[in-house]
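Consider the two complexes below, in which chain A is the common component and chain B and chain C are the respective partners.
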Partner chain A sequence: MKILVTVKQVAFLDDEFEMRDDDRGVDEDFLEKDLNEFDHYSVEEALLIKEAAGDDAEVVVVTVGDEDADDALRTALAKGADRGIRVWDDALAEADGVAIAKVLAKVVEREKPDMVFTGAQSADFGSAVTGMALAGLLGWPHAAVVCNLEYSAGANTATLRRELEGGLEEVMSVRCPAVLSIQLGINEPRYASLRGIKQAKQKPVDELSLDDLDLDSVGSASRVRRMYAPEKGQAELIAGSAAEQAKRLAEIIKELRGM
Partner chain B sequence: MASKRPAKYDILFEPIKIGPKTMRNRFHQSPHCIGAGTDKPGFQMAHRAVKAEGGWGAINTEYCSIHPESDDTMRVSARIWDAGDVRNLRAMTDAVHAYDCLAGVELWYGGGHAPNMETRQTPRGPSQYASEFETLTYCHEMDHDDIKQVQQFYVDAAIRSRDAGFDMINIYGGHAYGPLQWLNAYYNRRTDKYGGSVENRGRFWVETLEKVKNAVGNDCAIASRFAIDTLYGPSGVEVEEDGVKLIAMADDLVDVWDINVGDIAQWGEDAGPSRFYRQGHQIPWQRFVKQHSKKPVLGVGRFTDAEKMAEVIRNGELDIISCARPSISDPFMPQKIEEGRIEDIRTCIGCNVCISRWEIGGPPMICTQNATAGEEYRRGWHPEKFEKAKSDDTMLVVGAGPAGSEAARILMERGYVTHLVDSAEKIGGHLNDITSLPGLGEWGYHRDYREVQLDKLAKKNRDSQLSLGSKKLTADDVLSYGAEKVIIATGSSWNTDGVNCLTHDPVPGIDASRPDQATPEQIFRGEKKIGKRVVILNADTYFMGPSLAEMLSAQGHEVTVISGVDFGHYMHFTLEYPNLRRRLIEMNINIIGESWASRVEEGRIEHYDIWAEGSKREYRGPGKMPRNENTSHKWLEFDTLVLVTGRHSDDALFRELKERKDEWAKNDIKGIYIIGDAWAPKLMADATFDGHRIAREIEEDDPQSPLPYKREVSVWGNAYLPDGEYKQEWKA
Partner chain C sequence: MANLIVIAEQRDGEFRETSLEAVTAIRGIKQGDDKLSVAIIAADPQKHVPALSVEGVDEVIAVKATDDFQPDLLEALIGALVKDRAPSVVAVAHGVDAWSFAPTAAARLDCGLATDIMGLKLDDGDLVATRAGYAEKVLVDIDFPGKETVLLTVRTNAFEPASGSGSPEVTEMAPPEADVATTHEGWKPPADAGGIDIGGSEFILSIGRGVGDESNVEQYLELAESMGATLGCSRPIADNGWLPKARQVGQSGQLAANCKLYIAMGVSGSVQHQWGMKHVENIVAVNTDPEASIFSIARYGIVGDMAEIAEELENLF
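For the complex of A and B:
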């Protein structure tokens, strides 16, 4: 029995940052990277199922990314995932969610898991596309934003709850294998122990290229044209006596009205 | 590294001329005690030099006695009585000068407040009075010969100070010392030319400054510390009366004014604890001086925020920011501001535990925030530099309170892969409760500093981890965790059965599982409904009882305290006591002192006077008390009984791991240690020290036991003075 969990190394902005010269992204020097927060929950959900099955199950984590993304895999491996797969090709540098899903679909065909978990979305781009596009490409049953799951390793169906707008929840059954995108709060993700971190360094990580997956290219369905920080409003703290404050306020009003 | 500081802080880095000297920036380390004095020259030198390295423009000694007639034993002052003192203080001035920093000395004549318990001399003052600060101390009223002689003490001490390498000589008229006693009609009842009018009362000060300036004014900058308002209205010095008048009279004789407020008996009005005073709390008085003086003005006020510092200079309230406590908490504060590293500043929490050691009289200063304070020389600790890890051992720290978070911080600074695990979502341990008590919000800086640093360090080393909100680790979890070394920092809890420092026994009927009894933790967690009539049973000597009394009273409860110990005793030493006492009176909190409880029943407690068992002592045979039976017992009703009777270590995890020592090796564990309150309940400063210390010494054979430190003792048989006088010998 095998659960495949897709994970992503996401980027966080420093307090201050600069854009790339082509204005289509943030300069790498100003990004910190870490495992996508949602993926902590999807990995945990897989590990809980594995542990309930008496460890008679394999959890495989897969990511699409360059060498930096190994950290994301090692984080998941340190928690207890069994092995990792990292797919990379320079042609994937600007891949969108649909293109990533095409790659992942090939990995799924190759691995033939009984269940696929993704995070509900990525913390940096937040498109929430990859998981559902993957299900579409595979033609598998799917459910997005899963906040509760009853599933035992190898079962034919899973019962789950999905989070809807306005605090509603929907109860569903799905045939397995299925693709489920996992919502925050579905469980309490564990921390890796030092033993886990040490063992993760010894766990296998397959590095695959597009060739290995019999893919020539993966056309993205979209392209980022420009990225920018919208201008912020201004605030000024006016200090002093009531008269001084009134004077400054009048100045600001005149200034804004161009008087 | 290029300076990244915001331009708004530039004003703090403008050099300023002070008489014949130039200070390179506006950061002045105010004279403050550390417990080194002159007899521990290594301590004195290293503590001050670390700050000079950290960017302060001027560094002072603590108060420095000018003559054996001004001896503050048990408290530790510096002394500049003879050539031996000059030699010992020279170590400090040389070390400070290495960093382009001025060295200052604060010349102290205690007058009627100097108990002279070591020298057995008789202090002299403007009039004869009994000190309101020091027990059993009167001074002798000076005649004109005495005045000349004492003024010459100042001159001689100033010359020795110059020879010791000091750049700034401060004539100390703060805290009701020295010339302030002459200016202050509270002490000065004379009718000659030194008493009466402000011109007469200021005469001693002006003459002393003149004589000192004539002696050393070409070589040294002359400063004078002046408590510009003694805060007791017209019966003392008021800023807009005697205060600014003295400034006008003496302005030509000083190169810089050092301005504060208050006296010595309640000097917490100057060194204001954060419980009562925010930064800059003296500005409403200090700001007058610049309006009456042509000279630079400096002053303290526990300035911790660069924004505020720049503001008071821009506003023309002060020219130079003077800090004592913030310089102890972060000796590198100026450098961090200069480099724009505001988030790295280890902000003073204003707990005054540094001051408490001086007040106790004797022990070296400690700091809650900065565990290296006072350890610079004797343990060789630097606040910003850490020895690289000596092995690849990985570390597990269980508990992220003051001790555990400090241990993890230092281990990670040293480069050890470290996991800090806590069941709470936030670093800080019990501090997260304490900061919710009245006036103790700023204590949270202790947690905040470590939180910021640990986050940064964990990002630098990806294998390190802050496991907050984690499940509580069991002994099995720890054994299988995969760490070579484990530090247990699981803290302590308040007793649930009434065990206390008086009887060392539980109190019958005390049981915190009952709905009408509550420990402090149960109150913080909101577990217990608190009734109208609250009784606090207290046997703790620090802040928890008083803080809960204040908090519950503010919430509308009628609070009575039964205390077996002096309520808030340690707060005398932290200078919090006077205003705490005022607060308790304002809030109608009833204190039944010197009493303990014999039993508790539903809704009532029986208490007794601990001294009511008869003064006569006699042997009455085995099984019989040597004194009469205590018959002072009375019942008091309550709706809620709050139990501040004592603490105990939460050390069950450590003890189980110790019992399973035979399993350590097969789990690749080299050692498991215990620190902080889990080792034994203690001051937060000492818990922080524990964490810091074990992280510095983690690769020693027995990290649980501290390494010996360098002791500064005079060695028998050596000459005391440099030229061989006063050889240490004894002839009967």
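For the complex of A and C:
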């Protein structure tokens, strides 16, 4: 029994940032990177299923990214995933979610997992594309924004809840193997223990090229034309010390509340 | 002439108004004798025709099937429409349902794709969609070189719902063949709010991840009470169990429907949080990050540490 979890090292902007010279991205110097928040939940969900299943189950984490993305794999391995796969090729530098999904589909064909978990979306561009595009390419059953899951390792169906708008949830059953995109709050992700972090260093990580996956190119479904800062809002900034700011805020509150 | 298609949606038989926002987005790029068609799958699709008879819609494609949400069926519908009509654009609202089928269909059909778009235009004949990135701190213009059909999901509240009356022709279409892998089993309504009324409150003090630690939360409950505000929160605070879900403002929580004054402390201003409060006339943002997108919708801004501001406020109420 095997669960494949896709993980992504996402970028966050520094408080101040500059665009690249070609205006199609943010200058790398102003980016900080970390494991996508959603992926903490999908890794946890896989580990819970593995632990309930006993020793026969394996959790494999896969990322498409350059060396920076190793950290994402190590974080997941430190929590308890068994091994990692990192796929990279410079040709992927501008890949969108669909292009990434084409690569991941090849990994799924190789690994033949019983289940694939992805995050519901990435914190950087929030496109919410990769997981469900992967399902489409594989022709697998799928559900997005899963906030509750009943699945025992190797089962033919899973029962899940999809989180909808306004706190409503739909209960749905789905044929397995399936691709599920996992929503925040589905579980309480663990932190890696010191022992886990140490062990992660020994765990195997396969590094694959597009060649290894028999892919010569992967086309994206979109292209970034231009990236730019939005026009600033009209917010009136309240300056001064914290005491002065709070005093002004209290005035605003009292005025607007007719107090 | 180009075919433009919007996939309208219903949930449990109820029409989804966001479908009309997608119509507006597409209407904006409609030219000359382009044909705008809106397709809907439902147990009784005719029931939804009046809601879709708005200005600019030339045709409603009524697919009589089920009111259950079946991503495989919707994908098959998009597949059939792309094959039969070679549309230049297929659009759907960026609701949670679309997350399950739009990327799937686009990948399978090798279409162009952009999700959560907030702007759309034709630039010299090229379709250009605008979306946001990095927690709403940048905008991105996206195009689709070489793609004959582009699938788009349209951000909620970015376009006005289409209005004005129209008299579209109605085409009945048999449901496309689909291998449906999911079964609707039921609904789970939101948990009881326990008397917390975000929707009814005129004054909300909301805290986000900037609050730092669970032990700090109590202080804001007290501050809210002394100010006469209802305490709200962003999603991570509810996910962590620091405050009940009934206090969560946003797309998967509550809409601050009657709010007139909203103070957001330590909230970055994600699109999902904004969904619940962006409309409020008086928004005050307190955030250490001067670039936080919450400032772009605020009337007043304080760049500073919420803990310090809260402590000072306590002395003033």
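One rule holds in what follows: the second predicted complex is superposed on the first by the 233 of 259 C-alpha atoms of A that agree within 3 Å, B and C clash if a C-alpha of one lies under 4 Å from a C-alpha of the other, contacts with A are read in each partner's own complex, and residues count from 1 in each chain.
Operating definition for what follows: a residue touches a chain if its C-beta (ideal position, glycine included) is under 8 Å from a C-beta of that chain, and two chains touch if they have at least 3 such contacts.
Please read all numbers here as calculations on a predicted model, not as lab measurements.
> I'd like to know which partner A:Arg257 touches here: chain B for first, chain C for second, both or neither.
second
> Return first, second, both or neither, reflecting whether A:Asp90 touches chain B, chain C, both chains, or no partner chain.
neither
> Once the structures are superposed on A, label A:Ala235 by its partner contacts, choosing first (chain B), second (chain C), both or neither.
second
> Once the shared chain is lined up, is A:Val129 touching chain B (first), chain C (second), both, or neither of them?
second
> Can A:Asp22 be said to touch chain B (first), chain C (second), both, or neither?
Once the two structures are laid over each other on A, A:Asp22 reaches no partner at all.
> Looking only at contacts as defined up top, I'd like to know whether chain B or chain C touches more of chain A.
On the superposition, C touches more of the residues of chain A.
> If you look only at chain A, which of its residues touch chain C in the complex?
11-13, 15-17, 26, 96-98, 101-102, 120, 123-137, 139, 141-145, 159, 161-175, 178, 181, 184-185, 219, 221-230, 232-238, 242-243, 245-247, 249-250, 252-253, 256-257, 259
> Mind pulling up the chain A residues that touch chain B in the complex?
Its residues touching chain B are 32, 71, 188, 191-198.
> How about chain C: which of its residues touch chain A in the complex?
11, 69, 71-72, 75, 95-97, 99-108, 110-116, 128, 131-145, 147, 181-191, 203, 227-228, 235-236, 238-239, 245, 248, 251-255, 260-261, 263, 271, 282, 284-286, 289-291, 295-305, 308-309, 311-313, 316-317
> Chain A touches which residues of chain B in the complex?
Residues in contact with chain A: 394, 396, 417, 419, 421, 459, 462-463, 465, 467, 469-470, 477, 480-483.
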